[in-house]
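Here come two complexes built around subunit A, the first alongside subunit B, the second alongside subunit C.
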Partner chain A sequence: MNVIEARGLRKEFTVRAKAGRFRRTSSVVSAVDGVDLAVERGELLGYLGPNGAGKSTTLKMMTGVLHPTAGDLTVCGYAPVPQRRRLAARIGVVFGQRSGLQWDLPLRDSFTLLRHVHRVPAGEHAAALRRCTDLLDLGSFMDTPVRQLSLGQRMRGELTAALLHSPEVLFLDEPTIGLDVLSKQAVRQFLAELGARGDTTVVLTTHDLADIERLCRRIVVIDHGRVVHDGTLTQLHERYGSQRRVTADFAVPVVPGDVSGLPGVTLESAEAARLVFALDSTAEVGDLIARLVTWGTLRDLSIAEPEIEDVISRLYLSPATSIMS
Partner chain B sequence: MVDRIRPYLALIATQVRGQASYRTSFFFDLAGNVFFLGADLLALLVMLRTSGSLGGFDRAQVLVVFGLSQVAFALADLAVGNIERLRTYVRSGTLDTVLVRPLGVLGQLLAMDVGTRRLGRLVYSAGILAYALRLAHVHWTPAKALLVVVAPVAGAVFFASIFVATATVAFWWIESGELGNIVTYGGRDFTGYPVSVFGGWFRRLFAYALGMGFVAYYPALALLGVRDPLGLPGWVGWAAPAAAPVAALVAGLVWRTGIRHYRSTGS
Partner chain C sequence: MGFVTATAARQAGRNFFELAAQFRSFATIGFRRYATYRQATVASLATNTTFGFLRSYVLLAVVAASGAGSIAGYSRAQLMSFVWLGQGLIGVVLLWGWNDLSERIRSGDVVMDLLRPQHPVFAYVSADLGRAGYAFATRFLPPVVIGSIVFGMALPTRATTYALGLCSVLLAVLVCFLCRYLVNSCAYWLLDNRGPTMAWMVFSGVLGGLYFPLRMLPGWAMWALWLGTPFPSILQAPLDVISEHGGVPGPAAMLAVQAAWAVVLLAACLLVQRRAERRLVVQGG
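So, the complex of A and B:
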């Protein structure tokens, strides 16, 4: 059974703009424009898109915050807005830009409050809190008021707060935004472990591509409110012609020979002793290397895997219709 | 039942502790509230001093109306006054975090913002009412004793309804500004005077159409045993608290419509 099912999900906003001193014009903007999505239990889904693509709006509809304009949506078998309270008991939510913690009180107090809010038995609550405290290393700031926590500490607190009632689905909206490298690593590590256990479904929006590369097998890319890709990272690379890059450094400057006999290989640049080749998915690295050694003495050789940034930026740049075809 | 309200009680307890972490500010708020209340009373007394009576009522009688209105407002302000912060919650997106908890939205917002700082105002208002009732030499009967408790509570429900209904505007209109305050504080000031001092369409609209005459004026007539100079029969004073559930019903409908129009902000 699918934990999340969306069919033709749409959300329109009316945007009013000033036109003259008193007159205003209004226009309808589709933030989410017909999204179909099915997420199975235990999946770790990366929901990716540029700013304003409709990521947060989709998440808000799935968590019962916003009412969809059209389309069918069920999460954990509930219709999010009409059954908001029952759904809220089964999901955990972290909005990276908002805090669900008690600003003026020690972190611990927020967790105690959540025990009452979600009516979690004391024993279960203590066990869940202990697990999060160990994994996220909360011990040192448990008694610090939330307003005095660093962003990284606070985010670890938010994650714990979202998980204390053992939700089936965890929604994370930009969980690593603004964090330093160490905090990002801590958060990713934690999510990877959560994903590995396989009983919690995680939906993660981000525009930090490293999050996605580390964590998500499945990637949904959204742009202008539409899904433009739904599949694995490898599929994304295949579909959008991601290229590996082979950089060859020779002992002395060489004149590049002919590579037309090698399918999928193109010479990208040649500067003195360094040649750079781009290889698509049909190319054989071995054949290229065999050819290179005939041109001169190779001093160094490196192969770079395709950069997800490149793929995504190419995706954003191309018009949506051509991508869909 | 206890199990159902426990999460809200936990929210209240948490919020009171949060407020207590700013002790000095808490003290100034308390003092400020009493001061502004004193200013209202002073204005009324100055008016009474020059004319001796207002709208056909003597000083003690006017003070009973004023006291009833103040106690009702103080109660409402204590319980739901901070709902006006809904505007801030909508703008900052805090409402999103409220919506993802398995509790009612209105209940949470009220529990998150119980105005303990306004406790002083309630004590002060109750003092004025008690003094006014003594000054007016009310002939007490069991029914009047009941009315003097029910009327402020019903009035509080009435004001609370105004608070909720006007705060709901924030769902449609994020920059709703001081609109809510005009209606709530305007309403409080209107109910503090005998309705007979107002005239024409103004009186018809606020006292009767919007029901503000039933908060303090008509119950006060019943307590004082005075005939309405505007000609309504005596039982109106006893029935006046019935305006409260009607107001609450309307406010509830406005709220439910409002929450469905919530459109959140930003990412």
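So, the complex of A and C:
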């Protein structure tokens, strides 16, 4: 059974704008415009989209804090809004820009409160807390008031708070926003281990594509409230013509020969001893290299995997309709 | 929470002990939160005490001018009780300065309150009772001690007064909290909640018996306030119960009115919460 199931999910907001001194016009904006999504137990799903694409709105509907305008939605077998408090016991939520911790009190106090909030037996709670403390390195600031924590420390606290009751689904809305490299790594490492255990479903939205690359097998891209891609990262690259790059450095300047016989290979640049080729998914790297060695003495050769940024930015820029077709 | 041993019981229905444990942990958080800021406690205490002196001298002048030795059925000592218990109770019921909820609505942080298995009103009321417990020790007792030393207060003569007084204070905290919750909830519709907050500050003080005893008003006005508004249930009721004012309404009637208001306001809070959640727009992305 699917843990999350959405069919035709929509959310419309009425936006009022000033039009003249007294008049105001109101228009309806679809933040989420017919999203279909099925997520299985244990999946680690990356939910991507540009600002304002409807990611957070979808997450808020899935957690039961926003009413969908239309469509069917079940999470853990519940209808999120009418059964929000029951659902809350089964899910964990981290909104990167909100805090679920007690601002004025030591971090530890928030965790103690959550034990009672979720009615977790003391032993189970202690074990879960110990695990999180080890993995996320909370020990040094467990007794520091939350308001004095750095952003990275607080986010690690938020993650722990969302996980202490062993939720079935974890919703993470930009959990790495504003974090430094080390904190990001700690959070990613933690999520990777959580994903590897396979009993927690994770839905992750982020603008940090490295998060997605490292963590998610399945990627759902949403733009203007519609799903424009649902599949693996490789499929995404194939579909949007991602190109690998082969950079060849020769011992002496060479004149590039003809590559028209090699399918999918184009010469991007040639300056003195360095040639750069772009290869699409149909190209064979071996054939290209075999050709290169006939042109001169190769000193260095590097193959760069396609940049996920390129793909995503091309995806965001292209009109939604042409992608859907 | 040693009552729960089996994991299965977690998902099953809740029992009284679990509810009590949840209440206790929310209350502990409320208590600790306020106990963290000691300087704020001292500052509030200093303000309450200063105004206590001010109000004492004003009311003593009124008594002296009347020439009868008492006004509206309060003796001189009872008036001093009225003033100093009132100054102490301001902090316990937390008449002013609570805009946590409206701020959370404005910033959108309120979603985190909605993502708990408990009803938000339950979580907030528990935390507020914990806060009131802290305030009782730190903001009620000192002004009362100072007042009785400097001016001489009428201490309760009957043992039952202590029990009734405690009940009345508890109901007053509850009524005041529910009022504050409603005032704060206006932010779901208004976002900027300064208007309702200001109105609340004015009415709760004037109509609640903080600035002058409501018994000084004509009978019809006093009754209209008692039955038509929750304000007298917040300060006038516990003050009259503890200072043993002999007039009508008596302590039992006042407690009954307080309890009735608590029920009405609770129903209003639950209704408003339901309506608010339906129209909730989470601010700030």
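We adopt the following convention: the second predicted complex is superposed on the first by the 325 of 325 C-alpha atoms of A that agree within 3 Å, B and C clash if a C-alpha of one lies under 4 Å from a C-alpha of the other, contacts with A are read in each partner's own complex, and residues count from 1 in each chain.
Rule of thumb we're sticking to: contacts are C-beta pairs under 8 Å (C-beta built on N, C-alpha and C of every residue); 3 or more make two chains touch, one makes a residue touch a chain.
The structure displayed is predicted, hence computed values, not measured ones.
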| item | value |
| --- | --- |
| Combined model on subunit A: subunit C and subunit B, fit or clash | clash |
| Touching partner for A:Thr282 - first (subunit B), second (subunit C), both, neither | neither |
| Touching partner for A:Ser260 - first (subunit B), second (subunit C), both, neither | neither |
| Which of subunit B and subunit C A:Thr294 touches, first, second, both or neither | neither |
| First, second, both or neither for A:Pro121, with subunit B first and subunit C second | second |
| Which superposed partner A:Ser27 touches (first subunit B, second subunit C, both, neither) | neither |
| Against subunit B, colliding segment of subunit C, chosen among 109-117, 145-153 or 163-171 | 109-117 |
| Overlap of subunit C and subunit B interfaces on subunit A (superposed complexes) | 13, 56, 60, 63-67, 84-86, 88-89, 91, 93, 95, 97-100, 102, 104-105, 109, 112-113, 116-119, 145 |
| Subunit A - residues contacting subunit C, complex | 13, 56, 60, 63-67, 84-86, 88-89, 91, 93, 95, 97-100, 102, 104-105, 109, 112-113, 115-122, 124, 145 |
| Contact footprint of subunit A on subunit C as seen in their complex | 1-2, 4-5, 7, 9-11, 14, 18, 21-22, 24-26, 28-29, 32-33, 36-37, 108-109, 111-112, 114-119, 277-278, 280-282, 284-285 |
| Residue numbers on subunit B that touch subunit A, as the complex places them | 3, 6-7, 9-11, 14, 17-19, 21-22, 92-94, 96-97, 99-104, 260, 262-264, 266-267 |
| Touch list for subunit A against partner subunit B, complex | 13, 51, 55-56, 60, 63-67, 84-86, 88-89, 91, 93, 95, 97-100, 102-105, 109, 112-113, 116-119, 145, 173-174 |
